[in-house]
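For clarity, chains are labelled A, B, C, D, E and F in written order, and residue numbers in each chain start from 1.
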Amino acid sequence: MDLFNKYEFIGCESDFQEATVVLFGAPYDGTSSFRPGSRFASSRIRIDSYALETYSPYLDRDIEDHKIHDAGDLNLAFGNRDLVLKTIKEFTAGIVKENKKPFMIGGEHLVTLPAFEAVLEKHKDLVVFHFDAHTDLREDYMGEKYSHATVIKNIWDIIGDGRIYQFGIRSGLKNEFQWAAEGHTFLEKFSFTQLEKIVNSVKDKPVYVTIDLDILDPSIFPGTGTPEPGGISFNDMMKIISTLSTLNIVGADVVELSPDYDPTGVSTAVASKIIREMMLIL
Amino acid sequence: MDLFNKYEFIGCESDFQEATVVLFGAPYDGTSSFRPGSRFASSRIRIDSYALETYSPYLDRDIEDHKIHDAGDLNLAFGNRDLVLKTIKEFTAGIVKENKKPFMIGGEHLVTLPAFEAVLEKHKDLVVFHFDAHTDLREDYMGEKYSHATVIKNIWDIIGDGRIYQFGIRSGLKNEFQWAAEGHTFLEKFSFTQLEKIVNSVKDKPVYVTIDLDILDPSIFPGTGTPEPGGISFNDMMKIISTLSTLNIVGADVVELSPDYDPTGVSTAVASKIIREMMLIL
Amino acid sequence: MDLFNKYEFIGCESDFQEATVVLFGAPYDGTSSFRPGSRFASSRIRIDSYALETYSPYLDRDIEDHKIHDAGDLNLAFGNRDLVLKTIKEFTAGIVKENKKPFMIGGEHLVTLPAFEAVLEKHKDLVVFHFDAHTDLREDYMGEKYSHATVIKNIWDIIGDGRIYQFGIRSGLKNEFQWAAEGHTFLEKFSFTQLEKIVNSVKDKPVYVTIDLDILDPSIFPGTGTPEPGGISFNDMMKIISTLSTLNIVGADVVELSPDYDPTGVSTAVASKIIREMMLIL
Amino acid sequence: MDLFNKYEFIGCESDFQEATVVLFGAPYDGTSSFRPGSRFASSRIRIDSYALETYSPYLDRDIEDHKIHDAGDLNLAFGNRDLVLKTIKEFTAGIVKENKKPFMIGGEHLVTLPAFEAVLEKHKDLVVFHFDAHTDLREDYMGEKYSHATVIKNIWDIIGDGRIYQFGIRSGLKNEFQWAAEGHTFLEKFSFTQLEKIVNSVKDKPVYVTIDLDILDPSIFPGTGTPEPGGISFNDMMKIISTLSTLNIVGADVVELSPDYDPTGVSTAVASKIIREMMLIL
Amino acid sequence: MDLFNKYEFIGCESDFQEATVVLFGAPYDGTSSFRPGSRFASSRIRIDSYALETYSPYLDRDIEDHKIHDAGDLNLAFGNRDLVLKTIKEFTAGIVKENKKPFMIGGEHLVTLPAFEAVLEKHKDLVVFHFDAHTDLREDYMGEKYSHATVIKNIWDIIGDGRIYQFGIRSGLKNEFQWAAEGHTFLEKFSFTQLEKIVNSVKDKPVYVTIDLDILDPSIFPGTGTPEPGGISFNDMMKIISTLSTLNIVGADVVELSPDYDPTGVSTAVASKIIREMMLIL
Amino acid sequence: MDLFNKYEFIGCESDFQEATVVLFGAPYDGTSSFRPGSRFASSRIRIDSYALETYSPYLDRDIEDHKIHDAGDLNLAFGNRDLVLKTIKEFTAGIVKENKKPFMIGGEHLVTLPAFEAVLEKHKDLVVFHFDAHTDLREDYMGEKYSHATVIKNIWDIIGDGRIYQFGIRSGLKNEFQWAAEGHTFLEKFSFTQLEKIVNSVKDKPVYVTIDLDILDPSIFPGTGTPEPGGISFNDMMKIISTLSTLNIVGADVVELSPDYDPTGVSTAVASKIIREMMLIL
């Protein structure tokens, strides 16, 4: 008898050993400063992924032709940020150690830091492509060094100038934009016109891609912590992923879906399709 | 590493062989005449069941002390009612054959018919306890003999007078109430004052219990196809389940949660807790 | 071919001439001080009334056995309160003149004033039964004499002491409660324990019944302008209507459903059923 | 006295005899595989159509200058797909027989099949313009030949190669795209750049236009069964309709609005405006 | 101890005396003909404005570098339109008299009339830039001269031909478009291609800018009284504001956010950001 | 000119010095294990409190006759639980030191711990009345000692046996109920029948009252983190408050409103009214 009893993203039915990519959820939203709820992203995405096809007409590839393992969601200790970060780092390290690529579904943006750190341990010359509405370059947020609003600055603290590329940015403090403009990161406001050129320039390097889904316009992605009008379209995002497909991506994440803020379910559908496309270029 | 990757109702982690109760979903809502969407009930209930405790302070029992297998959801052919009914009947029969008790999550109320039929094949003197806002005694609905609005009449067509007990009924055609009053079924309007007496009178018989959740007042259960104000409270339902606990229940179902019509999530929480309690008395 | 193309409350298919009761909508919410939207009540109620049965198991009566005409909704000039009041009064007068009983669906509570006035012209000794969470006895509201918060005081200005009976009241200014307690109206706080006694005492008088649906607890009726927790249950309301059924009711209204504030649709179902029951006792 | 008591799309007040176009609803959603609820589309559209103007500044035409009859909604037997299809076909045939043009509001996409068949009986060389996010070219869906996911394939089974033109398609199985690419249908992925050329090439033929509203991006049309990000804009749709206006359209439909999934009401407003524009070019 | 206890738009913390711009709310929606609720716009905007940054990367300016006083909301008498208009006019006059610029948050569009009148008294050669989906040029609406649907015509009645510039208009009666086309106003349908040219031509004049937010496409701005698909994007609005920045704007308003119709909160975020940008060019 | 520009609970307009009660918000929800969002409770309550009257017909008292200061909300460092707890404790201590009574609006239940500790420093023999659906007696939650699920156990760790009284409890681990039953706390399941007796027995002691609003049935209070059907009614809560009114309450809190999960706004109205009543008995 044909039964549905799976808790996996559609098509991600490989076991850990045979997989080349390992998908997992990091349902933590403890430093969200406006609307929380990104903790529900990964479980909602799995359920709604069954409204997707496994075939992408954008890339002409099919998830069923890839070997992806969906490990499920990490059990994270709400309220204990430091332990959460440690747990994510260790789990990601376990994937990297087996020469597989980690693909994480957030959660809020702070979860990128420990995943990045785990990947960096293997790939010392790792560069970061960061797609977001927000700079995330604060030194601290209400006194806290580790926050969704500081995560890219935290990464810079580790790898320094010239290795972080930011696109789509349209909100931040004046001094964050100024600091980036001093050359610490490459930051393109509003759009991604320089993406192709930069992709071509780093083709030989290992790349970590972090997509804060609020880079999208809230018309198509309202279900997020801090919606910022003026974002890119879904088709823009398809172009970005196509452009990234020539890179040597060794780790990636998609963060900041807060599904309960979009009763239409569209935000979850958008996240699911972006995850499908991203997995197809890994 | 501690991971969450389950698609089971909380605590229902036995495998099929060791289980005494088999939980499954029948996500069909093809004959719903007003608001569809009960197809989403079982998957939503599983997700939200993790906000429950496994322990019931009502019954002082714990799900973890029982052997329950959650089989997942049947894959049902939308649009082909007859095949849907056949699929449910066969699956239920497979459970009954192994001397396990089937516990079905609907879907709409028509799914009760095939599950009941499968149980009846084993238990020839089966009686039915029916909790509902609606009579469900129509001869046909818009010309259709098999419908959520005819399901109890369909069952009566098979087992006849004196074996169906209906409680909480507060909506129907005048002639449905009259037909019941002629003695074809026992029908208590609005409430369940006669339940205990009847329970005592059928203690030696095998019983099928079908709970249309719209017996509850829509204040506590708005997420259903046809909300009918004037229903019983959640605590009333706890009393009903306690009263039923002395019966020899050999099959049961809980139907008509349509979760998308309750954005607060309360209806799903109500359904989940009723399912927990019902499983604890099986 | 069987087509659905009606704009009437279910079962109200008599034409004006043969009808004994005329139902109409007064979609005005211009003085609502908190949440507007009662303008949408009557059209939403008509649509959703088709999820009701025409038969009431509470009263054992059927709408199809009564002669009720649904006239549709008045076209009211938004922004011009005085013209709105005049339009409602004239339309109601036209019903009364033909010896039919008006039954109005609001709109906010101010619409009761002109309907009451039209009925009073025919029935000089009219008394008023008022069911509500709020006193509605202010002298003025932000300087305005004609407002949803002053409507019962406006009626008192016309008919004076001893002819207004208020039930279920649980919100108001201290001085409104004091003024009522001086004997200007009969006012029962929170409940309706004195209803039966009063009904018996006015049996020979013509009665106007106005039901502000916010008398109901917001658990069962959240879709209203100013929800006030602590109200009566739907079954309480069924008892009230049953008690009222021996009166000589010559006009009635049901007001303050604001359907867009209840995405579950339950508030509209509640209003529809109360309207069905009220029409069955007219 | 000015009353509103209509159940027609705004401006569609002709009677059947004088009309050149007959609008009707087919509220069936029995084969929807993800989110049902398109059964509510036609009644919601009628109500909300009164927020539209009858005049189109896009086409500089006014609905009041056209003769359109709104017949209301078909009463369809939920649960009995085959009878539903038969009912729609017969009703459409009755319109065609009187030399009027049918304009159907779905419901889900399967309702197109019987309407198309009825029109085809009169216009043997009928061609089909299909606007959709989905291929709808499956041979079967979960074993079912008649489904919203197979409807265009069902039409092809009748009329064969070279007579179906598909635009905006962005989701389907790999083998559906391949099958179309073999020349069975003209299929343009994502967009409609070839529309004008094709319109010019079939100007002498009778045309049936079927618009699955999910061709629109879910940013502007979230209220649908299976939202697919990456669709066309509303202004694109206006361009499509303008381009189609030179064709000899003899029948049309607009399907897959599921209004309860868009609490903002925008999806219904979009559908209403597209229907107004389509009727103005018939 | 650091406390949040403010009721001001973020960054608008100047007192009245030092301010050059005075922000205030006019929470009136009494003539809204479809969906009311714009009364809640200003209070919701203030709350959600704290999810904004004070710095605009579009204009490279920061609200904290400007002197803006947020006066709060006018207490307006619901139900008494004429008194509401008088109150707004007097309050605006008080701002203008002190040589400060009024910036009003509606409310519905009728509130523009009294604010405009107050500004006109000081600036006799005032011209009006009007951004909207709707013509607002009716002579009357259901008999009422003062309505959200007549407001621009009301202004024209005062200042006559050649001083009103309308952009983005995509809905209205045929005769409204014709009347504008006779030269009474400049009216650009759908878009704003002529804006820059006109801005250059009136650079020496005092300007009143009124933005009905429904000029935006409802994909990004669903929370409004009458959503009209086919509008401009948020980035278009940013371009408009940038183009307007060279004008001598002496008063402005932003109207028709009805926040309860957008449960995602995006409409409020859009309104807040537009208000920030507009204040930065005043 | 009459303006509304306040950020205070209605009627709480005393300044700090003259006040006897100080109201403040603690918008922290960092350890919520299911649905977050109680951070928005206090700001939403303030806004919606203006739909309340200041007069209570339950207690026949008026808030305007009391001296209450609303201090606003604490700025709490999301992500840093320990600092949050410290901040709340220090702020509460500042109130207590001035011989005023603290009244805190949560936030989740963990915020009770530091407020309680600050009050305990002054009132060494403090006892606790705890109203809740949940035991909150876990030793730890996912390894964390400080959590909303452990807060009462944390308090017990400080004050020990015989000083904590729990009512309405209907969810918890089996061993939590057992531990309480060993005499560590007084715990009444489901209801509050022993409340009056206990109130009489502690009349001479200083009391801290903590109300987790999920003690209410989710029919009337759906907007909370973990809705538990089977709770008490709003009128039950009014009886509880009336019973508590003879106590020497020296500090209190109301926690766990998560307003975004109740789109009807009723949960916020319920919380506001309970806060009004509680302040009237302090």
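To be clear about the criterion, contacts are C-beta pairs under 8 Å (C-beta built on N, C-alpha and C of every residue); 3 or more make two chains touch, one makes a residue touch a chain.
Remember, predicted model here, so these are calculated numbers, not experimental data.
Q: Going by the touch criterion stated earlier, list every chain that contacts subunit B and also contacts subunit C.
A: Chains in contact with subunit B as well as subunit C: D, F.
Q: Please name the chain that ends up farthest from subunit C once chain centres are defined by their CA atoms averaged.
A: A
Q: From the C-alpha centres, identify the chain that is farthest from subunit F.
A: It is D whose centre lies farthest from that of subunit F.
Q: Averaging only over C-alpha atoms, locate the centres of subunit B and subunit F and give their separation in whole Å.
A: 38
Q: Please work out the Cα centroid separation of subunit C and subunit E, and write it as a whole number of Å.
A: From the centre of subunit C to the centre of subunit E is 38 Å.
Q: Counting only Cα atoms for the centres, state how far subunit B is from subunit E in Å.
A: 55
Q: Taking each residue of subunit E in turn, which ones touch at least two of the other chains?
A: As it turns out, subunit E has residues touching two or more other chains at 35, 75, 217, 219-220, 261, 263.
Q: Based on the touch definition given at the start, go ahead and assign the chain network to line, ring, star, complete or other.
A: Other.
Q: Which pairs of chains touch each other?
A: All touching pairs, sorted by chain label, are A-B, A-D, A-E, A-F, B-C, B-D, B-F, C-D, C-E, C-F, D-E, E-F.
Q: Which subunit F residues qualify as touching subunit B in the complex?
A: 34-35, 169-174, 177, 189-190, 217-220, 222-223, 226-230, 261-263
Q: Quick check: in the complex, which residue numbers of subunit C touch subunit E?
A: 29-33, 35-37, 39, 75, 77-81, 83, 110, 141-144, 146-147, 260-261
Q: Could you pull out which subunit E residues touch subunit F in their complex?
A: 1-8, 24, 43, 47, 70-75, 87, 90-91, 94, 263
Q: So in the complex, which bits of subunit C are touching subunit B?
A: 51-53, 55, 57-58, 62, 217, 219-220, 234-235, 238, 263-266, 269-270, 273
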